[in-house]
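Pasting in a structure now, in structure tokens, and then I'll have a few things to ask.
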């Protein structure tokens, strides 16, 4: 399952080199990840209200080409691994008009109890939905 | 009482016009406001733990000159008005090397109960400290 | 002419008070302004390549209610004034699901020559398009 | 050579989970990298004026503990590798008060000609300075 979300590059996404600042792609991975979870019926808000948070433990990103102001980007997110305590995603961000791949990335999240910050096994209810995303 | 905080402009603070993106000055007002409160013995963290939040209700900003990458800026914050339910600050942001004024601004905050979001009269304890900042 | 653009609130748009950080609305005014210009046939990129930049000289914003993670917002931009050397816009940002107005704002831009930074009279070509937006 | 820069966490650096948003650490690596270059006599501004830009091609980050509002962080940057066409840095970001390591990271930059975007061999002048940082 690959989820796709669009984002148009704003002035505030760019820097004085005239291109998208590299840290913004890490932000945009989140757009893909959140949309992927939404499509299997999980919102981070509902997770938080149930007492779980889903912090990032690892990020990797390779930069292949530069995005510019007003480019329409497509953020692709794809579940890459899942256990009861963690989940990984792979990403690509493309420029829509020519489908050039601007960045490739990877993140890993762990499931933690919000109150304690401790890593926990995710309840079956959520795990099953995520397993479907991975299938 | 005028509080001064330094901030050096990073690449991620600039945009493709080669200057600081205008929304960042609004962020930096916060640096001055938080430091001003700290100097009279109030941290926003302690306020939040006591159940109060301090949301912005009004922002105004005039842009006089453009900041650039690597400029050292000085954010000046000055309490401008205080009642039991709200507080206002005036700001100036200067470029340190030539003391050029880049922006002038103003914000108003209200005191609210975190749980309800309702505006509340600030306890005497905090009010007295803020009154000292205004004096 | 009122232009409307959607933006879904991301985690990185929120702060530790659990709501959208107030400076982000100032960023989002830009989404409306840029879209409004696009609809009358002007892109900031083309303007910049013709040697013009369009810096903000004034921002005002009133905060009426707080946006939260995952809210779909609607940014409304409406040209408010135009002369040969400057242009003003009014904004509202609404929460889509209940049409609650979260913020109301106003910006003023001036037309400047990119090389000199001096304010200039905008060429007729652009002025006519902007005048149509205001009509 | 290890360079250290301080940064105090602002509200706008945090998100609705009550902690620093993970993408901000990637931004802060830049504070360390820029300061490291400054200490060997290179400013990115001067590099850009000489026609060079220094884009990131790789980022990796491991998240070990969460930063919070008002924490004073120390960003450590350390040159890790250098050739005529690229340079790598290692980073750690610590919480000053207890020296807890919040994140560990790595970036790689390439030297490119600003006009063409092509990778170029860095002039001896700059290379020597960077080699000193690595030594």
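A, B, C and D are the chain letters, set down in written order, and residue numbers restart from 1 in every chain.
One rule holds in what follows: a residue touches a chain if its C-beta (ideal position, glycine included) is under 8 Å from a C-beta of that chain, and two chains touch if they have at least 3 such contacts.
These numbers were taken from a predicted model, which means no experiment stands behind them.
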Contact-pair count is greater, between A-D and A-B, for A-D
In terms of CA centroids, furthest away from chain D sits chain C
Between the Cα centroids of chain A and chain B the separation in whole angstrom comes to 32
Per the C-alpha means, the centres of chain A and chain C lie apart by a whole-Å value of 28
Chain centres from averaged Cα atoms put chain A and chain D apart, in whole Å, by 23
Multi-partner residues in chain B (2 or more other chains touched) are 11-12, 16-17, 19, 21, 23, 27, 30, 69
Contacts from chain C onto chain B in the complex sit at residues 16-17, 19, 21-24, 26-27, 30, 48, 53, 55-63, 66, 117
Listed in rising order, chain A residues that touch chain B in their complex are 11-12, 14-19, 21, 23, 68-69
Contacts from chain B onto chain D in the complex sit at residues 10-12, 27, 30-31, 34, 43-45, 69-70
